Each structure stands twice: as structure tokens, then as C-alpha cells.
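Some structures are shown below for you to check.
Both complexes below contain chain A, partnered by chain B and then by chain C.
Right, the complex of A and B next:
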């Protein structure tokens, strides 16, 4: 009966889903950055997120001020980016993407192990000073924290877009993404570009790690949030920041609506696999994702 | 602890896990193979539990010279809570002499070991967890879900909620939502909640959270719309703090959420911050370091630099105390078995006999320095749970405080359901039901 339909509740689920989707997008953007410049799906993004959040919270717990802890953690992520470029990417230049993917898989285990070795296995709370209590807007309850996270994500997307479009190094990224050989031929320094892009992915991991860490607590499970980003990437395209945002919104909204309105018919708990159903359905229609670059090859 | 010393600790742990040079089992040694998990997603629980267990074994060796002169030994194999690694560690450690019992603290690993340990005739301890029907010793001679099986836990929680509503009669017409982890562990109690809802007349809604549970917005919006009187949180790992935070986010009162036995630790509430203040959870063992046995561990083990926990602040935490209680139960089972079979290294089957006669009344528990830490246990050859009592603790933002008396689950109601399930398992596997005489026949090799 449509008359019985609770529209306010529907809107609440929808808005909640969209805001959750923004959180997925934040993780997905880290993947996109690496993929755009090297064509590699960086499976270590989740581990980077864990490493960044654990480093930050451990410093704060030792009395380091928030801003300084942020700066030190960012420096650590840059150092990791440089180390990865030197020890993993450079020796594997021009190797098939699957080799690089396997390398990032190995990296994720190394980073997870290193994070626990250095900072221990304890679970930490992380308070960013933002209330996570419901805010009532027109009869709909919306989380203040989710609104803050959405604003941070929007700011980050804006910054990255400007960076890619208007800075020299940003343009170099795009050139490398288009054709590594051609970029090398015209004198672009691939190692510098890769180091920079891994540092940028480190910054995204740090920001996403703090926001997810404030939600879940800083613990090993943070590295599992990559699972939330994968359907977003399939849907939005692996090489599009805009795709990561739109994909995140679509996945977040559809999985929440599905869980609430049709989950009961399947015994509940469907949102995880439903996100992949949505992503795969899009994949059948647009194999490169909504905003991914179509691969054109001469034969 | 410095990074270097941590590295040494991890290297030592790795070396132990690979070691073949385990202490030789003399006539006066009893060995515990430990499938521990000190890294990976559940390391916080693993380090607490195995830390407490080892601390107690250390106390017995240091203070008493072992159990009646029989020294307790152990070695660890890292499982990261993964079933295949747990089985690998089992295969590696099972042939060491003098194995007393297995204590994996993992439902998955325990399930994978049931047939193996039954063949080996060595007890498998699944304190507070495991399959409910393994309570029936007629069908599962070597499995011991000590203190609390999932059905007793359910009954204890419902009885506690009833106490808040003026007794079992007060449950009539109330609404309870069970938010459970989407895993075999989470689903184990679905039928018993349905049965209790029918019996006591409360309305029930059971909602699944997909693993790992780091997103629960839709579940909690559904809960808010259902307007339940209580929510039971049957969570695990990250699902627990996320549940508490999301409850706050949708405005559900935290003091109307009751956690189960795997949603009751510091690790479950600290990440939730203020959202966890006022949250209540069931437990079989109280937390805190004020109990004489914990104080003795501090004095004898930690002050001598032999403590297992890296961070002394975790002494007396929920998992640490669970490990200590687990140590008490293992050691006392050996002691009881020694009274019958002699003060020497026992076979696994002799230790099984000891567990089947493990009766610690409140006076004995007090004599062991554990008054208030846990209530009592009364294991028999056909009841491998041992009628553990439960209590409830509330988080105040810094520590857990006990807020109830010791509560007895409704064992009489549960026993026929357990027997029905275990008998079906026996029929499926072609297992002949054991008798009291069978239980008394003990293998000495």
C-alpha cells in the first residue's frame, strides 16, 4: 500500500546511504590515483590506510599534538611511497600489470605486519572532536559526522581535480597515465611521478584512515574497508576520480535501500553482496565503468 | 616496550611456532600446545586470552612447582585466527609428549579439530563458545564448552532482560531485536531466541549484520523504526564498536543494548568512545585486578619479569581474566585426574576424565583465590558445559562494573533441545551414545 509508505524513513535511508557512499569514495580515490599513473590496482591501499591511522593515533596517545601527529604521519607515508617506488616499482617497470598487482598484494601484508609490529595489536579509539549524534533536518535524522566526512571528501576531490588539471606535475601524471613509454620518451621523470603519486595516495589513505578510524576504532579491520571500495571502482571506473565519487554514492544508496526494503526476503545481511550485484550489472552495460576510459586498440 | 624488544618478542614467538626443540617431556611434565593468535585482526583478544592462560600456568610453576610436582610446559603456534593455520599448528604440535588439552579459542579451528582430537583422545576446550550440542558428553566425549554454551548465554541474557522488566512475566508483549554477526557463530542462537520468544511471549526480530560489520546504518535505522525495548548485540570484532556508534547516531539508547559474551571486552567499547557509556554485557568472569589470584599473578609472575602481557595496564581485562579462569579450569582438571591416576604426566584421555569430574563449588573457587572472578563449575561425563553462572557488567567509559548478581541460565529448559541436536549429529555420523561406564574406561597411552 503506497499510502502506508513511510517517505521520511525512505529519505533517511537514502541520505544515510549516500553519506556512507562518500566514505567508500574516499577509499576508492586512493586506488584511482595509483591506477591512473601506473595501471596497477594497488591492493595495499587498505593496509596504507591502517598504517596511517595507527601511526597517527599512536602518536596522539603519546602526547603529540594533533597537527604535528598529522604532519609526522604524512611524512611517514611519503617515506613509504619513496621506499615502494625504489624497492618495488622501479625494478618492476614495464612488467605486466598482474606482476605489479601481485607486488601490491605482498606489500599489503608487509604494511599490515609492520603496523602491528611497530604500534602493537591493541584497539584504539579515535576522537576527531566531531559529534556523531543525529541532526534532525525536516524530520529526517542525519549524522553530523557523516556530513563532515562528505565535506572533507568534497574538498579532497576538488583539490585533486585542480592539481591534475592545472599543475605541471598533475599534467605529467596524466601523460604517464596515457602512455608510459611516450612519457619517458619526452623526458618525464617516471620515478619522481610515481613517488609523488604514492605520496598523494598516502595522504588520501591518511585522511580516509582518520575518518574511518573515528567510525570503527583504529584496529586491524580498517584494512578491510578496501572491500567497500572495490564495487565502487568497478562501477565508477578505475581511473576516474569523478567515477569514484558517483560510484560511491550509487553503491552506498543502493546497498542501504536494498538491505532495508528487500533484505528481509533473502534472510537479511545482503548489502555486501548486493553492492557487487549492482557493480556487475553496470559492468555488463559499460565495461569500463561509468567514467572509466574506454580502451581503444588498433588491430 | 621498544620496537627492538617488540621485534624480539615477535621473533621469539615465530621461533616458538616453528620450534621442533620443545622441552622434552619427562615423567613430570604436562604440555599445552597453544594455537594462539598474536597478530592479525583478532590479535587484541588473542594476546589477552593466551596471556592470561600462560600467566596462570607460570604462577602454578613458580609458586607451587607445578601441579603436585608435575611441571606445566607449553609452546605457541601462530594461527592469526585462521582455520587452516590452526589445523597446521595442530598437526605440528600434536605429537609432542604429554599433551594435556587443546584450547584454540576459535569456533572455526575448534570445529575443524573435533574429529581429529576425538581420534587422538585429547580434550578440546572451547570455553564460552563452540557448538552448543557439544555440551552433551554422550556424543562429544572430548569437547568441553566450559562455563557457557551459546544457548545458556541466550537464556542468561533473556533472564537478565526479564529482571529489568519485573520478572519473566514482564517479558510478555515486549519487543527484543537480536543483531547478530553474519556467520555460523552469529546464527547459532537463532532457533533458541525463537523458542524463548514463544515461551515468554515477547516479540522478536533478528537482524543480520554482514561480516565484518563495519557498516550498520541500514540495520540500525530498521531497529529505530521497530522501536524495540531491548537490542541484544551478538557481535564479534569490529562489529561491536560500530554497533554502539551507529546506535548513538540513530538515537537508540545505549543502556537498552545488551551484549553477548563476545561483545563484552574493552576492545569492543573503547573504540566506540562516549557512545559505549552505559552499555551492558554478559560475562562468565568479572574483569578487574582485585581478585587474589590476579594479585598473586602480578606479584609472582609480573614482578619477576615473567608476565606475558606487553602492556601491564591490560592485567585484569576481560580477555586476560578469561585466560586466567581457563588456566584454573585446565589446571584443576589435571589435579583431579592426578588424584585418580597418579601424580605424573597424564594421557589426554586421563585429562578428559579429570575434566569430566571438574567440580569447583564457590568455596573451592574462593580457596583458589577466584571468589567473585567466576562463580562455580560442575562438569560431569554427560554435561560438558558444567552449569556456569553468568553476570552482567556495565561500561562507565573507563572500566566495567558488575551490575547484577550471578544468574543461572535455564538449563532444564535447554537440555532436551541440546540432546535433540546432539542425537541428530550422532545419527548422522554413526556415533554410538556413550554411557557412564564408557566414560570411566580410560586409555592410559
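Right, the complex of A and C next:
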């Protein structure tokens, strides 16, 4: 049995899994940004992703050049971020996190409905001009597109980390994440910070939407990638970008390996829930995720 | 001083049980005779099933404070369990298979409630999603559950209790109404009991609850079990009485969200809330469809309707969370109080 074990195939599955995990991380980072600064688990991240991708692809189909379409879509996402801060977050300040979560659920319904009402419900193909040919590295075949996606994700994480560490607004992000009341007390403008964070999450949604859209086609099911990102978040901890990356890699790899090696025993199709089981099993050992902050309880 | 005293005694305060009894009298005595089959099929049957599901979720989320996104999974578990008990156990009366299917749903609820012993808030909400995906996958994957039917869509059996057959829309309505009434009464007794108080204590402050001696772990699991039992029975009503077919596809994530929306709109931690919310959720798409085609004519096709439904529903959720966090129930109570005091003023 062991002699038959195909190591090259194993590595190929593993690498494929890791790279698709990067795609999950890409979605999860958008969640982390918002959770860190406002304590909201933004369920609407998937709807934002759909909205961004659909707007972008519809503009491109109408003859708008690539860069301009990107800029317009980004502007739209910023506008949505401002609108959300004004109409949803501000009236709900100091409400329990669960209330805010349910509000983002409503938000995701609005965004999904609006995106498809404006642009229609057809499936759009999206070509980013990257060939999806397998690349052979040391006998292992790896998709070029996946490598590109991983590079984009890495670039984005680098950019966000630099932004958080070295800019003034990044510093105030961290202050707000650390202690909202203290941040208010020293005079940080919370509305501005929240708007910026939602705009940043919009940018992440746009990039993730383009990559996922190129992979799956731009359609309603794109907003369901949140469901792939949630176990990643649970595994990595809701408030850690590093956690989102590591969680994504772990989930991606274990999901693919499980599908290939043990999926047959269950009759296949286990990828809808396997990630959740991995995340749950892990949570039972570490309830705050890999890199999440431990909760101190007081009465 | 005496004027004040008479004012209080004169004020017409009906006893607490008056409103529910009145509703029941109308529901049993009037509706079955005047209702059209459209009223039963399109409004009352889904309303009853969803109300019951909302009631179940409200016990878990509203009273015990454990957010669940997997309600539809428990509905599916209940519906399929009832179907299989009915099919495979010879001579089991329908009531028996409904109770057993509730117990099956409760068992699954306890299994997926186990993470709640370690997890809080969002982490728990995400873990209940696991129930949603796992149950739906299992029901579609293993054809044993649907008796190897090739389409996966199976007909529900006829509803009969003790020889009385509940056929026709009005019959199925009475069947659902009776089950919903009994369970609602039991749920009401539950939430005013010590167990109900324990639920609220765990919701409001878990650590404090533990300190004053509430068995937190047992209370949480009990909340999961009772809530899943009720939601499971709601699933039976949904499949047997409303749709007349049993299929996994209808019990998807959207259904789970719908049930959550029912209790947000109706009112968390309130028995009446589930009914208020379910009424709105069932009626509003019908109203929107009529209104849309009346105002916009042909542009308002089913696609547009679908999308505008999503938008309006999402906006409603946000509006309720901001303006009326205690839901339609508190809105209703306020209107009634205003009307009551207005009446008293005119009478004086």
C-alpha cells in the first residue's frame, strides 16, 4: 500500500490546495479588516465581492477600459462604504455585536439584490488576461492562475501590513482595534476611520471578486464564497490577518487532501462541510482560533 | 384620590389569556368556514410552519442567546425523520412519528450544540452553519433517506390522527393549527418556568449565571434540544402540511436566514414575536408582487421581483434593528397602549 503511494500526486494535490487556500484567505482578509476595527463580523463581505465583480465586468463589457473600470468600481465601493457607515453603523453604535452582525446580514441581501437588479442575473465570463495553463515545476503541475492569485494575495497582505504599520491612519486603525473608548477619548474620529476601513474592505472585495470571478464566472454564487471564508476565519481567529492567511492555507490544503484521499469513503462532495469540521475540531482545542485574542471574562 | 382609584378599576384591562383565546376562537371557529383555498395554501399553511420554526429559534436565540444559522437543517432533519418513521415503522400513528422526528431533530441539535460549550457568539454562529451544510449534504447524498427515490422529491403521506383524515387545504390547516397551538402553549409554560429564567440568565451574562448557580452547560444543551425539537416539528408541518413533498432543496441557508429574520422582525425573546414576524415574512412578498405589477406593469417580472424582495427584506432588517430592536411585538404593544389611553380619555 505505502509503496503505491504517489508522492508527486500528493504534492500536486497539496500545492493545489494551498493555492486555493490563498483564494479563501483573500476573502477572509476583508472580514478581518472590519472585525479588527469595529468588532463586526461583516457577513456582507461576500455580497460586496459580488457587487464589485459584477460592476467591474459589466463596465468592461460595455467597452470601458480595464483600468478605468477598476477605478470606477473602486469609487463605487468607497461610496458604498460611506453609505454603510452613515446609515447602518452610526445608528447602531454601542449595540451588541450580534445586532451588528444581523444588520450586515440585511446588508448582504440589499447588496446582492441591488447588484443583480442593476446588472442582471446572467453569468458573465471574466478574462483577466492570465492564462490558466499548468506549469511544470519539478514534475509537479501547478496552475499559473493560482500562482498569480497567490502573488496578488501576498502583495495585498504586504500592502495592508505596511499601511497599518507606517501610516498615521493605519496607526489610528490599530488604536481603535485596541480600545474603542480610549481611541474616542484621545480624539480619533471614529466615523472617518470606519469609512476608511469599509473602503479598504471594498478594495479587498474588488480584488478578490476579480480573481474569484475569473475562476468561477461572475454570478450570484460568487457571494457564497463567504461561506468558504468563514471556517478560515474561525480557524485563524477573527482579528488576525496572519491568522486569515495561515487558516486559508490549512483549510485549502486539508480540504483538497480530504476530497482526494478520504472523500471516496463518503461518496464525495464533502467540500461543502469539511472545512467547517476542521475548523470546529480545532476550535474545541483553541476556542479563540490560532491567532485570535483570548477573551478575559469579567462580571 | 378617589377619582384616581376609580380610574384604575374602571380601566378595561382584559385578562392575559383573553387575546390568545380570542385568536384561537377565530382560528378554529371562523377561518375554516370562510377561508379560500388560496388563503390556506399560500398564506396560512406556510405562516403556521414558519411561526413554529421561529418560535423554536426564538427559544434558542431570543431567550438563551445562542445565535444559530442552521435552523433549516433542523427543519430538514425533522421532515425526513417523520417521513422515514412513517414509511418504515409499521402501524406507528402520525402523532408518534411527529414526536419521534422532533426527538431526532433534538438529538442532532444537541450534537451541533456541543460546540456551544466552548464557543461564544460568532464562533458559535459559524459552527451552526456546519449543521446546515452537513445535514443538507447527507440528505442529498444518501438516497436511503428519501427511500431511493430517483428525483429526491417524495410525496408526503396523508395526515390522519386516530382515524380522522385531514384532507384538503382546510383540513391540513386545522392539523397544523392544533400542533402549533399545543407546542406554543408548552413553550409559553417553559419560558416562564425556572428553565426559562436560566435561559435568560445564560444569555444576559454567562459568567454571572454560572456564579449564581445556573448549570450553564446543561442549560445551553437543553436550549439546543428544545429549540431543535420545535424546529424539527415545524419542518414536518412545512413538508407534510404545506408543500406536500419532502425534499432537501427547500431547507437551504436562505430558509435559515428567513427564520432568523422572522424573530428579528417579530421580536426576540417573545412568544408572540415569532407569529408577528412570520406573518410579515409570508405576506410581504405577496403584497410586493401585487404592488410591483400594479405600479410598474410588465417591467416587474419575476427576476425583478426576486431582487427587489431581497432588497426590501434586507432594508427591513436594518430598519427594525435600528428603529424597533424589540420588533413588531413592541410596536404593537405601543400602539395598543396609545389606543387604550386615547379611548379612556374620550370616555372621561
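What we mean here is this: the second predicted complex is superposed on the first by the 296 of 299 C-alpha atoms of A that agree within 3 Å, B and C clash if a C-alpha of one lies under 4 Å from a C-alpha of the other, contacts with A are read in each partner's own complex, and residues count from 1 in each chain.
The definition used in the following text is that contacts are C-beta pairs under 8 Å (C-beta built on N, C-alpha and C of every residue); 3 or more make two chains touch, one makes a residue touch a chain.
Keep in mind it's a predicted model, so treat the numbers as computed, not measured.
**Q** Applying the document's definition of touch, where does A:91 land relative to chain B and chain C: first, second, both, or neither?
**A** Only chain C; A:91 stays clear of chain B.
**Q** So in the superposed three-chain picture, is A:121 touching just chain B, just chain C, both, or none of them (first/second/both/neither)?
**A** A:121: touches chain B and chain C.
**Q** Would you sort A:221 into first (chain B), second (chain C), both or neither based on which partner it touches?
**A** It touches chain B, and chain C stays clear.
**Q** Is A:186 contacted by the first partner chain B, the second partner chain C, both or neither?
**A** Touch partners of A:186: none, neither chain B nor chain C.
**Q** By the touch definition at the top of the document, which applies to A:233: first (chain B), second (chain C), both, or neither?
**A** second
**Q** Which of the two partners, first being chain B and second being chain C, lies in contact with A:284: first, second, both, or neither?
**A** second
**Q** Have a look at where A:113 lands relative to chain B and chain C in the superposition and call it first, second, both or neither.
**A** both
**Q** Once chain A of both complexes is superposed, is A:272 in touch with chain B (first), chain C (second), both, or neither?
**A** Both partners.
**Q** Taking the superposition on A as described, I'd like to know which of chain B and chain C A:103 touches: first, second, both or neither.
**A** In the superposed model, A:103 contacts chain C only, not chain B.
**Q** Which chain A residues come up in both lists, the one for chain B and the one for chain C?
**A** Residues 113, 116-117, 121, 267, 269-270, 272-273, which sit in both footprints.
**Q** Where on chain A is chain B touching in the complex?
**A** The contact residues of chain A facing chain B are 6, 9, 12-13, 16-17, 20, 113, 116-118, 120-127, 132-134, 141, 143, 145, 212, 215-221, 224-225, 228, 255-256, 259-260, 263, 267-273.
**Q** If we count contacts the way the header does, which residues on chain B are in touch with chain A in the complex?
**A** Contacts found on chain B: 3, 6-7, 10, 38-44, 46-47, 182, 206-212, 214-215, 217-219, 221-222, 225, 237-238, 241-242, 245, 248-251, 267, 270-273, 275, 310-311, 314.
**Q** Using the touch definition up top, name the residues of chain A that touch chain C in the complex.
**A** Result: residues 41, 87-88, 91-92, 95, 97-99, 101-103, 105-114, 116-117, 121, 227, 230-231, 233-234, 238, 266-267, 269-270, 272-273, 276-277, 279-280, 283-284, 287, 289, 295, 297-299 of chain A touch chain C.
**Q** Looking at the complex, which residues from chain C come into contact with chain A?
**A** 67, 115, 118-123, 125-127, 129-130, 133-134, 136-137, 141-142, 205-208, 211, 253, 257, 260, 264, 303-304, 307-311, 313-318, 321-322, 325
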